[in-house]
Structures are given as C-alpha cells and as structure tokens.
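Sharing a structure below in structure tokens format, with a few things to ask.
Should a chain be cited, it is by its letter among A, B, C, D and E, assigned in written order, with residues numbered from 1 in that chain.
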Amino acid sequence: MNHLLEIKDLNVIFHIFGADVQAVRGISLQLNKGETLAIVGESGSGKSVTSKAVMGLIPNPPGEIATGEILFEGRDLVKYSKKQMQKVRGKEISMIFQDPMTALNPTMKIGKQIMEGLIKHQSLSKHDAKKRAIELLQLVGIPNPEKRVDEYPHQFSGGMRQRVVIAIALACNPKILIADEPTTALDVTIQAQILDLMRDLQEKTGTAIILITHDLGVVANLAQRVAVMYGGKIVETGTLDEIFYNPKHPYTWGLLSSMPKLHAKTDKLLAIPGTPPDLSNPPKGCPFAPRCPHAMKVCTEHMPAYTELSATQKAACWLLDERAPKVDPPTTIGVGGES
Amino acid sequence: MIRYILKRVGYMIVTFYVVITLTFLAMKMLPGTPFKFANRLSPEQLNQLKHYYGLDQPIPIQYLHYLWNFIHGNLGGSFQYGMQPVTEFLFQRFPISLQLGFESMIFGTVLGIFLGIVSGIYRGRFLDWGTVTLAVVFISIPSFIFAAILQYFFSVQIRIFPVIGWSGPMTHVLPVVSIGVGVMATIARFMRTEMVEVLNQDYIVTAQAKGLSTNAVIFRHAIRNAMIPIVTVIGPLTSAVVTGSLVIENIFAIPGIGSQFVDAIVTNDYPMIMGTTELYAGLFIVTILIVDVLYGVIDPRIRVSGGKSI
Amino acid sequence: MTAKSNAEVTKELFVPAYLSDTESEKISGKSVSAWKDALRRFLTNKGAMLSMIILTVIILLALIGPHIFGYDIDNQDVSRANLPPKIEGLTWLPAFSGYENGVDIYKEKNISKNYWFGTDQFGRDLWTRTWKGTQISLIIALIATLADVLIGVVYGGVSGYFGGAVDNALQRILEVIAGIPSLVWIILLILIMQPGLITITIAILATSWLSMARIVRGEMLKLKNQEFVLASRTLGAGDGRIIFKHLIPNSLGMIIINTMFSVPNAIFFEAFLSFIGLGIRQPQASLGSLINDGYQMLQIHPYQTLYPGIIISLLLICFNIMGDGLRDAFDPKLRR
Amino acid sequence: MAEQREKLLQVKNLKKYFNVSRHDVLKAVDGVTFDVYKGETLGLVGESGCGKSTTGRTIIRLYDPTEGEVIFDDQDVGGKLNHSDKKKLSKRMQMIFQDPYASLNPRMMVKDIIAEGLDIHHLAKSPKERMERVYEMLETVGLNREHANRYPHEFSGGQRQRIGIARALAVDPDFIIADEPISALDVSIQAQVVNLLQELQEKQGLTYLFIAHDLSMVKHISDRVGVMYLGNMAELATSDEVYEHPLHPYTQSLLSAIPVADPKIERSRERIILEGDVPSPIDPPSGCRFRTRCPFAMDVCAKVRPKWHEVEEGHWVACHLHDEEMKTEKA
Amino acid sequence: GSSSSKDSEKGSSSELAKDQTLTMSINADIPTLDPNLATDTTSTNAIEMTEAGLTRMHDNKFEWDLAKGAPKVSADKKTYTFTLRDAKWSDGKPITAQDFVYGWQRQNDPKAKPAYNFLFASVGIKNAAKIEDSTNKAFYGKYEKLGVKALDDKTLQVTLEQAAPPFFYSILSQPQFMPQREDFVKKQGNKYATSTDTLLYSGPFVLSKWEKGTGWTYKKNKDYWNAKSTKLQTVNFKVVKETGTAINMYKTGQSDIVQLSAEFIDQFKKQYPKEIQTATNPGTYYLYINEKTNKYLKNLNLRKALNAAIDRQGLTSAILNDGSVPSNYVVPKNFVNGPDGKDFRSKHPDGFSAGEASEAKTYWNKAKKELGIKTLKINFLSQDTSKAKQIDAYVANQIKKNLPGVTVDVNEQPWANYLKLNNEFKYDIAFSGWFPDYQDPMTYLDMWTTGNPMNTIGWSNKKFDGLIKDAQTDTADTTKRWNDLVSAEELMMSEYPIVPLFQQGYTWSQKSYVKGYSQPSYGPEFDFAKAYILKH
C-alpha cells in the first residue's frame, strides 16, 4: 500500500451523560501524497472527530477510539504512545482549526508560537527558529514580518491570524495538513486570500491536505477528491468531478441541490427536510433514510454496503442495488449542464 | 495606559475622600464621649478637654480641620495612648501587618495556584476531588478556629513552633498558615475553574497539535492564561487577609495593626479608629489599583487598548 | 462494513417507505424546560444532593431542636454548669459519654439528666442553644441574603439594563463603595448602631450586595443585546415585559448561584463579628457567638465550641458545594 | 418595472454612529440611501462589520438613527418615536435574527415565544384564540402542534429558525427584515428556511430586507441587491444586473472571491483578490471608503466622497469610475 | 525568659538561679508613663516599678522609700516635714525636694491635663480643692499655692488643711505623688514619657525596652537607693490579648506567671495545684439602681427584692471562679484596717444580705402591692466587655428567674456611651464597679453623698451625708472617724440603694521557682520589686 494515510474502519465514541455518542462509525479513507481530500457533510456528522482522531487529539475522557486503524506511512497511529504521537503531531501531520480568533494563545507572542514547534521537532536554536518564523510569516504573506513576530495575536486581524495558524501548521513541512474549516469564520474576500495561499503553498511544498468544510464552493476550489459524510459515516467518495457531476448518493444530491447557483437561475432550492440523526441513538439502517426522499423499507433496516462505481468513486446506498427502482438524480444538481 | 492609570488614580482619590468623610461622620455619630475618665471630670474640665481637642467647634469646622490635618499627615493623637500621634502607631505596626499579610498572600497564592492546577488537570479524578474538598473545607473553617487548633497542636502539644511572637521565621509559620489557607482555598478553587476553562480552549488544541509535550502545553500555554484572571481575585482577597489578620494577630500576639484596631474599637479610641480605617481603605484601594494595572501588564490584550472592559 | 451479508435483504424491502413531513420533524422524549434540565443535572450531582440533605437536616433540627428538651435559650442553672455531652444510648462513644478527662462529670455533679451537647458555664443546655443559634445564624443569613439579592439585583439590573449615563453613574458609585473594604463599612456601622440582629444584618448587607450587583449587571449587559431580547423589542415589548419575561428569568440561574455563595458569607461574617465582640446580644446566641463563647474554653471544654463549630462548618461547606453544584447545573457549556 | 411599484420603505441618508469611547465614534452606517418596493426582496450583502445589521436594526428602530430619514409607508419613522408609535410600527415591521440559538428565550415555551407579539399587541381575544393562532403559525412554518409545548433547546437549528419566523409572522407584518437568517444553519437546512421565506412571500405578499453575506443565496432570493462596504452603500441594482454587470470594483472583487460549487467554473475563473482587511469604521479612509483596497484607486478617491447616483435605470453606484463628472474632470 | 520546659518540682532548694529573669504575659499595653495621664492599672504598675515616691507599698503596708523615715509633724498635725534620702535619677542627678514640688504642682496644673488631681484634695493638701475648682477665680489653676514646699534640696514640707487622714502615708506611694524633674519634663515636651528614653527613672527598675503592641522589659536600676533588695535582673512583659494564648505560653514555659480567667482555673487547680495562687483585691462590683428617674425603684421592697434575687455565690463560683467572693457590702474585705487594727469588715463580715431567693419573691410581692403593678420591665445597662457580658447574662437571668413578672433588657454599651447613659440616668439598673483611689473606706463611701458627681443613682440620705462630712473634716480623731464610716455603710445598706455583687479576686499561676511575687490588694498590681527566681 502506498497511501500516505489510510484510515480503516474507525469508530469513535464519546461517553457523555449516560449516553454513548457514536460520533464516527466505521470510516475508511485513504489519502495520497500531495493530494487534497475534502471531507464535506452536515454539522455533527463527525468530520472534526475524524480529523482529531488522526491527530490523536480525541479528548479522553469522554472520547475514545473504539476500534479501527489509522495507518500513517504504514504505521498505526492508534497504537502510538503519547510520546510517539507527540513526534508525529506538528512534524508529520499538522492541523489548522476553524476559528483563528481562538486558535492562538492570546498571551504568547506570535513568533514564539511558531517557534515552539520548530524547536521541538527540528531542534533549531532559538535564534534560527526565530529566523525561520519570520520566513514563514513572509511565506504566508504577512507584511513586515520582522516586526510582527513580536506582536500578540490580538494585534492581528482575523485573516492574518488564520495565516499565522497556517504558518504554525506548515512550520515543520508536514506531510499531511488537516484543515478543519479553515475559512468558515472569515469573510469572502479574506477567504479567497486564504484559499489562494493554501493552493500556492501546496504547490510549493507538496503537502497532502485533508480539507474539512461544508462549503461546496471551497471544495470545488481546492480539492481533488471528496468524501461526503453523514451521520458518522462516509456515504460517498469520489474525485471532485465525480462528486459534483455524477453523484450517486441522495444526500450528495441534496447537498448539491440545496445550494443556489450563482451562475445559473434556480427557481426553487431543493431542501432536505428534517434534521440530522441523533448519534447517541443512531438509526439501524442508512443514517440518511429518515430524510431521504427515495427511502425504501430496506433503508431503515439495513445499512447499505459500498458500491464501487469507478476506480475512484463509491457510494453506500440501496438505490445502487440492482433490486432497487431506478431513480434519477434531481435536475437541480445539473451544474454539469453548464448554463 | 497612562490615561487609564490616571483615571483610576482619580477614582482612587475620590474613594479615599469618601472614606475620610465617612469615618469622620461615623465618629461624630458615635454615642458617648471620647474621654475615658469623663465620670471623674467636672463639666468644666470636660469642656476644657473638648476645647483642647477642638471638639467644641461646629462639626463642619471640625471636619475642615480634620481634612487640613490629614493632608499634612496629622491624624491626631490616640486617646488610649495619652495623645501620642496616631501616625506613629501606624508606622510602627503597619509594616508588621503588611509583612504578615504579604507572606500569607504568597503562601496562599502559590499553594492555591499549585493545587488549582493539579485539580484542573486531573479534573474529575481523585486528586481533583481531594483538592476541591480541601478547598471548600478551608474556605468554611473560620481562621480563628483554625489558628487556635494549630497553636494548640504545634505549639503546646508538639512544641515545634513558639506560641507567640513575630521575630524569627519560626514565629511566622503558624499565623501565616492560619491566614494563608483561606487564601489558598479561594485561589485553588478559582484556579481550578480557570484551568478547566483554559484547557478547553482551542489554542490548547493548537499547542497539542504542534506536538508539544503535555508538560509544555500545560506550563507554557495553560497556566499562564489561567493565571491572568487570578490577579482579579487578589484585590478582594486582600480584604479577607485583613479580616483574618485582625483576629490572628491577637491569637499569636503579633504587634500588628489588626490587634491595634480591635483595641481601638473596644476602647473608643476615635483618632486611632479613623487612622486605621483610612489606612486599611488606602491599602485596599491601592491594592485594587495595582491589581488592575497589573492585569493590564500581564494580559497583552489589555496592554495596548488600555483598561479592561468590564 | 462493505462485507454485509445480503441474505436478509430481500426484494420486498425495496419499496418506497412512506415518509411524512411530520415524521421528520418529530421530537422524541418528554418536553423539558431549561429549569428542569438544570434540576435534573443538579439531582445527579451526588455532592450537591448530599449537601442538600445535610442542610435540610440542619434546618429541621434548627426548627425542632430547641423544643426537644423544653429549655429555653436562657435556662441557667449553675449547679449543672459545664457538663460534657452525654447521650444515653451512645455513652460508648467517648464524645457522648459524659466523661471529661476520665471523670464522669454527671456522677460528680450528681446529675441524672442527659445533655446531648453538654452545658455551658451558666448551665444552659447547649443542645437548645446551639440549634437556636443555628436558627439565628440562618435567619441572619437569610435576611442578609434576601436583601442582598433585592438590592443587588435591582441595582445591577437598573445599571445594566438602562446603561448609558445611568450605568456610568451607578458604576462610579459602586466603584467608590467597593473601594472601601467591607470590614471598614461593617465596623463603622456596628459602632454607630446598637449591636444586635438587625445591626449585623444591615452591616452584612451594606457590602454584600456589591458582588450581586456586579453579576446582575454583567448578566443584563450580556442578555439585553441577545437576539431574543431584541426580538421582543421588535415586537414592541416595553421595558417591563423585557425585564420580567426575558432578563430576570434568564439571569435567575446566576442569581441563585450567587445567593448560594452569599449565604455562607453572611454566616461567616456574623461569626467573625461575634468573634471580635461585635455580634449578637446575650442571652441570644448565634453560631458565631457560641463559638466565641466556647472559644475561651476550647482547651478545657472543647465540646462547647465543637458542635457549633461543626454545624457552622457544615453549613458553609454544604452551601458552598450546593453553590458549585448549581453552577454546574446551570452552566450552558455543560448542557448538551 | 420598478417605477410603477409602490415604495414601502424609503431610507434616506441614514446614519448610525456609536460612541465607543469618549473620543471615538464608530460610524457603523454612514449615509445610506435606498428604497424598498412593496412585495420585493431587497438583498443586502457585504463583509462582516460593514453595517448591514446596523442598517436593519436602525430601520426597525432597535437603534435610534443618528441622522437621516426612514419613511415607512409614507410615514416618517426615523425621528423621535414614543413607545406607542414604536409599538404600532412593530406590528407592521418585523425581524428575523441570525442566531437560532440566541434568538429564542431558553426559558420560554415555544407557544409563548410565538404568542409574544400577540400578547404585546393584544391580538388574541381569548386564550383559545391565542393557541389557535400559535398552531396556525407553527403549521405555516412546517412544524407540528405538539411543538408548542416544548422548549427551544429541544429543537434543531433549522427548526428554531422557523420558530423565529413564526414569531415574526404572528403579528401579521408587511415588512420583514431578515438579518442573516440562514448563515448559522447547515447547508442542507438553509434551503428549508429560504424556501419557506419565499413561499411566505408568495402567499402573503411580504416584503423582505434580506441581509446576508452569502452572495449566492442573496442572489437566489432577492429581486434587487445592495452591496455595502464600511458603512456605505457601494452599489444597488437588480440581482441579475449586480451579478452580471457589476460596476463597483468592490462588487466585482466580491463576486470573484466567492468560490462556486462547480469545479469547472472554479478552475477557469479569474479572481480579483483584494489585498488586506476592511479598515476600522472608527477611523475610516477619507473620500471613498474602498480606496485603500481598490485596484483602480485614483487620487480623487482620497479627496472626494463618491456620489450615490443612478448610472442606469435602477442601477445605483457610488464610484468615481462611474461618475460622469469625475470622468470629465479626470480627462 | 527562664524557659525550662520542664515544669519542675525540684525548685525546692533555696539557691538563687543565675538567670534572674521573670517573664509574664499581660493583656494590655502601657498607654502612657506620664504620671499625670496614667489612669489604668498597667501604666500605674509600670510607674510604681520604675519610679519612687516618699513611700512604697509592699504587702499592703507602706515602707519609707525616698523619705528617710517618718516626717516631723507639727502640733496641729497639719504640717509634715519630710527628709529625703540620697537618691539619684537614672541620669545620675540627685533627686531633690524641688522635684517633688514640681511633680506635685504639675499634678495640679490643669494645663498638664492631670487625671487624678482630686487625690490631693481627698488627702486634704492645702488649697488643692480650691485650685481644682474652676469656679474659684482666685485659686483655680494657681498650682504654686499648693501646700508643698522645698525647704532645701533634701527637705520637703507638706501642709494640709486639717490633720492628715489615716491613708496619708499610703497614698504618698501613688504615682501622682512622685517627683518629676522640671528641666527634663520641659525638655521632652510632648514626647515626655512616651518611650524608654524620654523618661527618668527613680525606682527599683528602669524600662529598657518598650515596644508598643509587643511588650516591654524592665532592667534592675543599679542606682536605686535600695538596689540591694532588688533581685531580679530582668522582667519581661509580653502583651498577649488572648487568654488561651497566654496559657499556652505558660504551659510551654514561655512565661513564668499567667493571670487565669475563670475557664482555666479548675484545670489549673488539677494540673498545677502548687502553682496556682489566689488573692482578693479591693475591686468591688455592684448594680446601680436608678432612684432618680425610675419611680418604681424608689420602692424599698423592690430594691430589696432585687438585692435578694441574685445568687451571688453562683456568680462567683460558677461564672467568675477566679477567687472573687460574694459581697453584700460597700467597703471590701482585707482592704484597710481601722485604728483598732481590725479589718473594716470585722463588724459585719458578711455584709447586709437582703436574703435568699425565696425572700426576694416576698419583697417583690410586697412591692407589687405597694406600687400597684404586676410586671416590671428593667433596662439593664452594662458594658460591652466580654467579662461584663457574662455577668450581665447571669444577673439578668437571676432577676427574671427569681422575680416572676420582671423582664430584663440588657443594654451593653461601649464604655464611653455607657458613661453617658449612666450620667444621664438613662437606665434602671446598671452594672458598675469601683477600685479604691486610696487606702481608706472613704474612697468607697463619699461618692454616694448627695450631689457628688459620682452619685449616678439618685439616692440621697441626709444622715449619711452628715456622717461622711464629719469623717472628712474631723480627721484628727481617727476612732470616731472610723466609727462614722462604719455607721455610714450600715445606714446606706439599710436602704439598699445598690446591689453589691462581688468583691474581685485574682487567680494566677506562678512557676514554683518564682518567689516573693505578690498581687496585693492595695499598691502595685503586680509587685515583683522583691521577687526572685530559685534555681530550677
């Protein structure tokens, strides 16, 4: 196997208030060198938990990785000790969080926050680390970096903070960068700056990116492959084009058709009715069944298996079973129709 | 920042002025005469004494007089000590109380922070449970009872520490502990809450994601942030320390301002009550000011903008 | 996951399932208000529950305790002075044996009646006095706290709700008041008034409302710009409605929590005042004055301080733990 | 088409300043002019902090305007209003809020939340009528009768937002200001709410001021769109016009910055990426507010504040590039 | 201090210890050492230990101190000429008769704010009463007219208004009658007697350290004329306000003498039976009964009822328990002997009891009938000290218990307000006490005369006034004077204008190696002038 990262049948459970929240239920994923994999899905579908599991940062208590493997270059990170994991974090795999306003320590100088990882992983001297920190700030496009290394986060604007967070994540040239909603808290114009920056950086460093978002626009902009999550499961994966132009899962349909099109006229959005499932008491069958307009009896009883649709695309839906009635995707997703 | 400090100093002066006025008025409202031997004095003698102390003048005049003297550092003479200047007593005894308070504060704060950190880190585990219980118990036991028990145990039974005094380091232990445990408990409780709060912050996860060791995360990121709000409790805690020292000084016969104050109250030594009150108030006000300014100094978010928004 | 046996999946299952709109909007479970939710959380907090039980017991004893033996608080009889505690069935316990330093004092003084908490130097039954004292302490705490809540809530509420110049003025005043240490306030007050229940209450009051006012103001400032309040405003609601329907119910949690911490503060301060001789007047007793009286005897007749001491500590501990419990129960962060 | 239509709301040179400290005035809205026609949806977009919410809140009189006129149905509602005037206004003008979690009082039952307007305006003659109306509202927004006796925290975000809509609708208003009603919701849920709003508009002839920063959604729902930047209106036109022929450089860059959920378009798109961040409204740039980030900034932009004028019928813009006078001056 | 931690019993040898240091704890600071201002026992004691007068009290008897011996008395017994010893101030200068004259005059100079100048009038020093009397224009403040003169450096002549009363020589030991040196007093000005070096010493000890709030230390005064009788080299006083703390110090050997409060006495009796000491002192405590403004209390039966209602034995044994004894009298026991050498109390050793509690009810019933009342509310004024509070609780309870229908409202006030209310007759009964100014029954009796400012009970009896007047003026016939005083007390107590409660006692504990220490009933409160420490 030459995947950079491979997640196999990952299950994560949170024990809270007498209930067990099954946040992630048997996820399998692969990530290759240099590619960008987007994970999209409903809020609470387990996107962040999956990424935290990779980082070994599931808070325990209340959370735990119940079963599964996370193979990084063939080694199972789940079995890693705390110490071993610390060597991976920040060095091999690093992470950017959603809210740049809270992701930085308010009482520590920007420079120092960047230097910490460098000193830890690359054993740089303080002086060299600082030099590198300035370089990194320059790299992420912060003007006047010599001066700004000695400033505190509150002196930076949101967009700049997010750049700093990216600089921290990239400090040690990680092989994988996990970006958990890196632009959700930002304005569109700033978001565009950040997305540009990430693309540039990836080109330069060849880092593989796991991009978590629920903004399909961002996905279209940045990703090569997409995994769609729902109710703690991956319901569909494929290349960017496969997912956008040839989606097979009704949830993906719903997702695509509920977005208005900027460049096309849509009369009515296709809403997905209802609310996401309660993961402390997940449905027996397909998690999407209660909201699925094409739901069949089987859907509420049995979890569908993945159907390999192409070398790169697969989906878990009973509609893909040969016994199922043929259902056409709604026309509203017809972005491919090219207006 | 400078403007902020100036503004605070302004309030401080107003507050202090109110204190002076209030204490003055309170003294005027006190029933009875200040002269201990009034019963043995003829009315004539009494009037003479009143004249001597300026007590026969109308109250507004007395008030202005008092303010005037106050500005010139004259707080009057102590009735119980043959009119010796009150300031002399304050100068003599205040440093001792200050030292006691300071040591108690240090003891309580350091230990409290430590316990709070431990408790916050091991949230929900046995250590946490133990610390929280300890804190609640120490907050709940009046310091004088604690002091009496300590004295009986360590000075009379085991005889490690002297019963009274304020000379060698050994004499400091029991009083400082008696007052300090309360401080410790309060700080520990507060620190724990802050620690738990901080450990849930995103930047802690960021730090972990950098691959820092648990110790580095806790020491470099969590503790500092958790400690910033601690500064704000120090102001009110001074009050607690002062209250504590009031009785503790008596129990350990420490010649501080606290025992003096109690005496003054019991003997109606008005100038002394006023002087001590003003001193306490001054101390308290200055502490709050320092704490507020300090808060700005430690927290970079406040440093530039000046002043914290409450 | 992929290797799912298809055996049980029969063709018949591949028919559309009827899905109603109402179905997808259904909420299972019984309706719970935020109050009930907090209560539920509080009830599962073992420490807080235990504290509440202990408090209830103490309060009950404070109510009935003084009547058990038919003594009043000033029932002196020096012939039975300084008797150690003795309880008939519990004489095997050293604490209730009626012995002091190995001597059966009851026998020595030829007394047949049992005094559960012993007697003081006046021969007054300490059981009666202790519970009566608990009553007084609780009453002081209660009055002080109630008034504290009222003053604090009104002051903070007005300041926070009306904001602007009103807030500015009130805050400056508050700042000045808070600049004066509470001890100074209290001592000045006690000096000019007659010591006693009312004075103590007023004295405690004079300073204790400050924290309540601050907290309520903070809550008001936070809440009044919350969208649900704005929504009510856009619906044309007046100040009264906003205050009573929206602001107060939502700050009640904080108010209750703060009250839980005010009660022990009041009790504690009363004890402190008693200790420096500014407390309740004889023959009335409060826990603080009992401790102060007994304190002189601590080395000789420790039981005279012990029981009031235990009760006061229990009260303080329980109120504190309950306060903590309530804080947790109301903490929105802990809510799912 | 706009000409014949009746103006429901006219906003003229509206300003709202906040005194953030003794020395600083924050100019959240600094002279905004626009009309809203009966039955239409006017979208308002712009970056965070540009004054969209403030505009909405000032119109509905949550804030008192610092300056300017607000004429609602030929009545000036921008001046000093007493409580009963405000109350009257509130029956006709309503608001839907952004945060579905913060906008419902957690201590009140859904029925009391929805009926609050009825209670305030005494619109229900009996408790029974009140309940009837609550049920009606619940059903209108696609919820069940059983939901009336529940508390907000038991609902999901989309459901809560619908409760907020029901509350606004209960007093039967003509005009609704929707302040980012969907930005806190999941993508799949957003459509529920948007569809609901559109349905209601069709059925009840409502007029909306729809505030959002998601341009695609604004375009979808709005008849006309106004673009705000730093307290000023930059451009206003029909939505197609704005999206197809944006005149203001800010509008152009805003449009190019939005990632489109279509890989092909994304791959081929040219972007105008703006440098830097939005300046502070406390100390805004002189002249044109946008000049500090504008790729086409001229000298005049720093000196003269661009005029808000109609370049084409129904297409308003405030930019020197499109001001004939300035153009000639430059030449 | 002599800090042997063994509470040794072997101190039975009579060999002196090498280290003659005595350490005591005390609950009050020295307020002032200026004999003009000193009013409290601590100051007085300190002055008596560090200064010398013409006489010195020891074991309740006076000894000649700076006076070489008995003075020459003139025939009319009005002029007394003392010859002074060769003695020195602590700065080496001799103590002269002029120093006495200055000291006495300063005590009569209103500007020097003397607190106890009335003592000069009480003894009958010539013109003292007039100098004190502010209505007397010719004399007021003219202290140079006082009947005291230095004939030469070593001869002091004192002139009295009449023959000297019996307490003349004993009162000369009091601080008010001690010498003060003019040049020194003037040089120190306001600072006089406020610290160790702003004071000159003439007595057995000098004050070597005086730390306010902590305590003070005496060192033996080598220049004292009688230094050979002073054995102690050092005496430490430590200010300790909490009795418990003081006890702990004693138990751990950190002090040699400790004053015991009631609570600790039983324990000490058991634990340290050989060390515990008891003595009565002349402090008497009683209740004032307000006859001036309370019409009910003018009724004799009611007053008797109050007197009989209180079980004083219970008070002294259970509440006070410190050696105090019940009293039914005005002049205390063991305080002063008459010309016959017998104690004043010898005629009525147990005083004038109104009877038991049962009799109280009888009186009360009579009073009720006479007054036509069923119930009575009594406002009981007292002080807010902790000791007074205990007594109040007991007394109030006794009255309530034994006089059914009487309710007592205790009003505990700080000293100053207590005095004010007392002087304004705003009370029904009030707790009060008296310490003697001089060693004579008169100090307990003259204040009850009509019009005396100290008479704050409103009781007035012409015959009593007459007897006191006689005793005051007719000082030459000591036996008649004595009998007058005895009759005066009898007369007073037949009307029960006050409710005597108890005569105070002291209980203290002293380590068995401390000898020669006493707490006499008149004179120094703690007399360690001749104390010494045995080897232990």
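Assorted remarks:
Definition applied: contacts are C-beta pairs under 8 Å (C-beta built on N, C-alpha and C of every residue); 3 or more make two chains touch, one makes a residue touch a chain.
Note that the coordinates shown come from a computational prediction; the quantities given were computed from them, not determined experimentally.
Of all chains in the assembly, those touching chain A and also chain C are B, D. Contact count check for C-E and B-C (C-beta pairs in contact): higher for B-C.
Chain centres here are means of the Cα atoms, and by that rule the chain farthest away from chain D is E. Chain centres here are Cα means. That of chain C falls 48 Å from that of chain D.
If you average the Cα atoms of chain A and of chain B, the two centres end up 53 Å apart.
Separating the CA-averaged centres of chain A and chain D is a span of 32 Å.
Between chain D and chain E, the centres computed from C-alpha atoms are 91 Å apart. Multi-chain contact residues of chain D, defined as those touching 2 or more other chains: 159. Listed for chain B are residues 30-31, 148, 152, 262, 266, each touching two or more other chains. Shown for chain A are the residues that touch two or more other chains, namely 273, 275.
Every pair of chains in contact is given here: A-B, A-C, A-D, B-C, B-E, C-D, C-E. Within the complex formed with chain C, the residues of chain B that make contact are 11-12, 14-16, 18-19, 22-23, 26, 29-31, 132, 136-137, 139-142, 144-145, 148, 152, 200, 238-239, 242-243, 246-247, 262, 265-266, 273, 277, 280-281, 284-285, 288, 310. Chain contact summary for the complex, chain A toward chain D: residues 42-43, 157-160, 187-193, 195-196, 214-221, 240-241, 244-245, 251, 254-263, 266, 268-273, 275-276, 335, 338. On the chain C side of its complex with chain A, the touching residues are 1-4, 6, 8-9, 11-17, 19, 21, 23-25, 336.
Partner chain A is touched in their complex by these residues of chain B: 124, 201-203, 205-214, 216, 220-221, 224-225, 228, 298-301, 304.
Note for the complex: chain A touches chain C at residues 9, 16-17, 26, 28, 273-275, 289-306, 316, 318, 321, 323-325.
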